[in-house]
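For clarity, chains are labelled A, B, C, D and E in written order, and residue numbers in each chain start from 1.
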Amino acid sequence: MSARSSTAHSVVEPSSTSKLVASVLVVVYALVTMIPLFWIVVTSLKSPPDSISYPPKIVFTPTIEGYCNLFTNQTRQTPEFLATLPPATTACEKVTRERNMVIVGPSNFTKRFFNSLVIAFGSTALSVFLGTIAAYGFSRFKVPLKDDLLFFILSTRMMPPIAVAIPIYLMYRELGLSDTKIGMILLYTAVNVSLAVWLLKGFIDEIPREYEEAAMIDGYTRLQAFRKVVLPQATTGIVATAIFCMIFAWNEYAFAVLLTSGDAQPAPPFIPTIIGEGGMDWPAVGAGTSLFLIPILVFTILLRKHLLRGITFGAVRK
Amino acid sequence: MTGSHIPDALANRLATATPPKLAARVRGLSDKAIAWLFITPTMILLLAINIFPLIWTIRLSFTNFRANRTNAVVKGIGLDNYTSILTDPDIWAAMQSTAHFVFWTITLQTLIGFTLAYLLDRKFRGHGFWTTIILIPMMLSPAVVGNFWRFLYQPQIGLFNYIISFFTGVDPSSFEMIGSVTLAPWSIIIVDTWMWTPYVMLICLAGLRSIPDYIYEAAEVDRASTWRQFWSITIPMALPFIMLAVLFRGIENFKMFDMVNLLTSGGPGSTTEVASITLKREAFEKWRTGFSSAFAIILFVTVFGLANIYVKALNQVKSR
Amino acid sequence: MAEIRVNHLKKNFGDFVAVRDSSFTVKHGEFFCLLGPSGCGKTTTLRMIAGLELPTDGEILLGGDDVTFRRASERDIAFVFQLFALYPHMNVRANIGFPLKCDGLSSAEIRRRVEETAQILRIADLLDKPVSGLSGGDRQRVALGRAIVRKPKAFLMDEPLGALDSEFRHVMCGELRALHNRLKATTVYVTHDQLEAMSMADTIAVMNNGLIEQLGSPREIYDRPASLFVADFIGSPSMNFLDTHAALASGASELNIDGTKVGIPAMRVSVSESDLVLGVRPEHVSLSDQSTLRGEVFGVEYLGTTQIVTVTTKRGMVRARISADMKASLGEHVGLSFRPEKLSVFDKSTGRVLKSALHEGGVHG
Amino acid sequence: MTDMSQKSLMARIFCRGPWETAATAFIGAGVIMLMQPFALALYTWSFLTTLTGVVMFVIVSKFPE
Amino acid sequence: MRKLVASAIALAASAFVAVAPTASSAKTITLCWAAWDPANALVELSKDFTAKSGVDMKFEFVPWPNFADRMLNELNSKGKLCDLLIGDSQWIGGAAENGHYVKLNDFFGKEGIKMDDFMPATVLGYSEWPKGTPNYWALPAMGDALGWTYRKDWFAKPELRAEFKKQYNRELEVPKTLDELTDIAKFFQGREVDGKKVYGAAIFTERGSEGITMGVSNFLYPNGFKYQDPKKPYSMEGFVNSDGAVKGLEAYKALYKCCTPPGYTDAYMGEGLDAFKSGQVALQMNWFAFFPGLYKDEKVGGDKIGFFVNPKGAAGSGSQLGGQGLSVVSYSPNQKEALDYIKWFANPDVQKKWWSMGGYSAHKAVLNDPGFAKTAPFAADFLVAMGQVVDFWADPSYAQLLLAEQKRIHDYVVADKGTAKEALDGIIKDWTKVFKDDGKL
């Protein structure tokens, strides 16, 4: 079987025609699938009238209006009133003045975006921490009813969020956790920790036990061996798991829309409610959506190698 | 787990050979203590945030409790909530909408996803790059992107109708994806398919890659035609993976909420009112907490059953 | 008639030349072994014969038909893979029946022939078991069953015993040969294990670096190695080599090594003064006090009926296979003598053997 | 000898495979009954069917392989 | 790794710090309302309050489609987000019974705020629970009703007037009846005006919150729809599904089917504004609250826009009530400041300024001013509309009642399921069940 993988003429190697056909079809699909994303970005750079023109405009003058509307609240004023104002200083002010609007303050978007960050980071840190130690426990020790516990952990992730939200809502109301970031962090941690345990167990299973055993023979305690031998070896896995948890917490909508309303509300339930002066302000929605998606795009690319593993709870390693 | 005996035995041996105090230092915490120490926090969290609420839901499901009337008297009403849910034609209709949605998304995603995986398995130049591009939609927030699809679906100003009209010549304002009774279910199916086909594709691709080349070579010398190789080798060998994807998508779409809520919120009429939307209306708009708890339990048991099958499939794939 | 004829076969993988220029013929009903170390091109050659790999250049004739660029499925051959390549999702019956199914046979006919095959291979009781639970040997039998069930023109086997443990490999060797004797089907067998090749093959082709070094019956290859490589590769322990520098005239029957005259078969060629290598199989070495070629006993391996005695000489180690009842103790100084008619002399620069009386009676390659 | 056969009988009855398949079938049937558009009666009984399957699954997962 | 762990802990810690309640200076109160034009005006208006009292104002404005969900969620979870809430009229029953709002009778008595100073319809609609009893839970803050706008400039085009006269044998004028309104919508549907294809009317068809119910009510009330037997509470047979109500519902569906822009299946206020502002429609159903903004619009405002009250139907006149009262949330820690705000807001001068900035005051000092009708082109219509308003149930179970009607009506009007009679019968069935569950029947 020598030099098998590099065979150029093997029968199982697809012919160049089939490769060509395949590549054309795949590229066409990939481009089509990108159209909505492309359109989100394009819309974010349009002015509101351009965004709702018919037929949809592909050629237009880009403007930052969408981003201005996203980050500020504005009111309509008479031209006479506008004339009394000092000249506009920022680009956004200029843009809004042209439409007889005045910026009255920052919008809620920044706050929601910040909430998203805090909740995503907080729950990720917590679930990765809990997941790592639990995964180590499951991977290395004899735990009674291990398979049942592992299944139980996984099944919690399968629960329909709406079904879980009812009692959580009641519980949080009693505990005063409604609409708090800490409440959301705990909730997302509970959802994420199952994925973290399953994924990290896979990663830790792959680290040979002999390393720790050698370390313990050299005088380390079990805990030291875990910290100094296992953790460094598992860094890649931990990072990959963290990104998965992060993406989930970042994208989550159902719990967020049901359990938060103000202070702790993250961006996903907020973005669909960006409404301009009458009707949806699509450029602002596009701007918010674009900003919201950028971290995910970056993470997807970083995570490419572990993606399969993540979505199958570690079952498919590749 | 047999391997853990070795260090255990070793530590024991070291421990017995040394004075007690020193032994404690050598051993540190016992393995058993560490195991519990490591696993318990996760378990406590899950018990507090998943199991305790679940038990609470079960209890509530036998009452007429309403979360928005804290002063009202709560009565136990036995199985009334369950019987009224399971005989309600409207909720049955919601289940059928869910079935329609689940069936078509899974069918489309499996067909397209498998085809894509099959094409990507040709390993043409740049296939890694294009795989990443194709995977992007599935990582995005269904809520945030689903919301934007509402814009794409606007009959006149939306890109979707315009593209369709560009290729078919149909007047773009002559049909409404979200508004029309016949098309609205498809508007959700299309978005879900756009979003989750990559998921199915990725798992199918793993399935295809799990088939060693020599199996195909064997089939080749056994004089199997390309067609027969596909049906007798490729499909059955990739099947556990396809099943995995189908089951997972089935579970996810059975409880689909965010995308539907943002695209149609159940409308027009109640044509796209899937189970989660009904549940949300009952629980958080009508505030019939007891009733919706019973409904939640029904959905939960269904999903739990499917999750059992899923984990079985997962272990099957894992053992490959 | 299913003779396999390979003419000037070449195969490149990019810059890497896997097979340089191979030509050989496998006669109808012959058990033909391609033997060589890993990476020598023997598997590639086999895969080209099977049609799993297409050659860069050359020609393959199967039963007289030019099949060089035909797909494997159009060649009517059977291939047994090193890792068995059983279809994991089918049971034993379906695995064996698969080639017949591909040929479109009726299910009754498939059933009959599968059972017949299973009888031959003594796996009838396993027919309805899944292949995943089978032992290595049973898997091997199933793989063989899948190959023989269709009665193809030729069997191609790629180290079929490589995945078995050594004890079982020995058993299977015998079975394979017995099977061959029964079916009389043309077989090309690739292995790196000389014992397998020796015990089963009618003809062996020894390959090295993409080239066939020697082609012949096991006996020929053992007794009359055509090159230093073959001489070294075949035989365990391998041939002793003693370097010398001399000229030989045609008809000469003596070679001077360190002043000791060693009798050799009469040379049929003459060589001018050059580096030569004398090759002596251990069993052709005997310990004799008379000999002036002397050394010290360095090690003794006791093997029951024989023993291998390693002697250090000025020309390096020499191993002798001698009767177990002869006494040789470590450190003892002994003299070495060789059986002249069995010795080979090689040209060190080309590595080829120098023709002598030993080779008369037909040498291929 | 009798002990042996009894053991194998027990093992045969409480072997996980077929029971698991049955539980899976119950769950599958329950899910289909829940969402089919044909008969309200089937819908009414779907939950009980799924529940039976789930309970069965939990129990048989304790059986030996 | 240690660094990683350390930074993770730091991160978690920072998260905790971020959520720790910031020490609230009692000097800031939060007012919650829907995100729309009047809310912006209120922000401006409230600057005076801050200047006067030194209490800072924060605002939480939620878009209409989510307003009810989020605010009711907030109240039900006893949230402290809002100190003051301008909540929808239908919420009053539930909020009163479950103690979400502070009862204001004592406060009003102490501060000399008299409900007689406010328009009776608004007091009934926004403040009282149970209805008709002097128990006040809110101060009428924003009067509102469902009215119509039309394109005055199109109506003035001679060629269109001529053609309309030819077709309908009357002048193209503001419709006096709902049938006339439908005719006009039909007339404009698909017509080219100023080189652009335009449509008849933008009406409410929204499914998710309250849209279609509000819209259809404008057709039901004038045609004789009543929520219950005035003599026998909660008896609905023959009132909800009276022949007139069936006709009204059918007429609404006919208008939806013939004369709305494409894709108008899930439209509420925002979509209506879009359609009207982009010059797509001749007529628009919408809340009076938007009229000041529309009048100021540079493209369709000014001379181009006209307003009218919901026309008469077969059984008389009626308009759907909108608008909200201002309440103090009982979970608020800043009730004193919140009450101060209400006291300030009830001041007639503030009310006058409120009207001038685009808010709809319900105070008689504003509305009964002889010059009021002249203050804005829609002022007179507003007075008429507020005189004929009807409100949806304000029962604690209003949400269930509303969702039932939303479903039945949307199924009939948009999704073409069943007949008008069946839809209304279905509503009675659903409502009866709700009232039974509540022990009211």
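For this structure, a couple of remarks:
Rule of thumb we're sticking to: contacts are C-beta pairs under 8 Å (C-beta built on N, C-alpha and C of every residue); 3 or more make two chains touch, one makes a residue touch a chain.
Only a predicted model underlies this, so the values are computations on that prediction, with no experimental measurement involved.
The set of chains touching chain A and also touching chain D is given as B. When each chain is reduced to the average of its Cα atoms, C sits farthest from chain E. Greatest Cα centroid separation from chain B: this falls to C. In this view the innermost chain, defined by its CA centroid being closest to the centroid of all protein CA atoms, is B.
By number of C-beta pairs in contact, chains A-B lead all other pairings. Per-chain CA centroids place chain A at a distance of 16 Å from chain B.
Averaging C-alpha coordinates per chain places the centre of chain A 36 Å away from that of chain E. As a whole-number value, the distance joining the C-alpha centres of chain B and chain E reads 39 Å.
Here the spacing of chain B and chain C, counted between their Cα centres, is 57 Å. In chain E, 73, 76 are the positions where the chain touches two or more neighbouring chains simultaneously. Counting partners per residue, chain B has 67, 154, 156, 214, 217, 220, 284, 304, 306, 308 as the residues that reach two or more other chains. The touching residues of chain A, when paired with chain E in their complex, are 52, 73, 75-76, 78, 100, 104, 118-119, 121-122, 125-126, 128-129, 169, 172-173, 178-182, 185, 227, 231-232, 235, 238, 258, 261-264, 273-275, 277-280.
Those residues of chain B that touch chain E in the shared complex are 64, 67-71, 154-156, 173-174, 176, 178-181, 264-271, 281, 284-288.
By the touch criterion given at the top, residues 1-2, 4-5, 8-9, 11-12, 14-16, 18-19, 35, 37, 40-41, 43-44, 60, 62-66, 70-71, 73-74, 76-79, 81, 269-271, 273-274, 277-278, 290, 293, 296, 298 of chain E touch chain A in their complex. Of all the residues in chain D, the ones that touch chain B in their complex are 20, 23-24, 27-28, 30-31, 34-37, 40, 43-47, 50-51, 53-54, 57-58.
Across the interface of their complex, chain C is touched by residues 212, 214-215, 217-225, 228, 232-233, 236-237, 239 of chain B.
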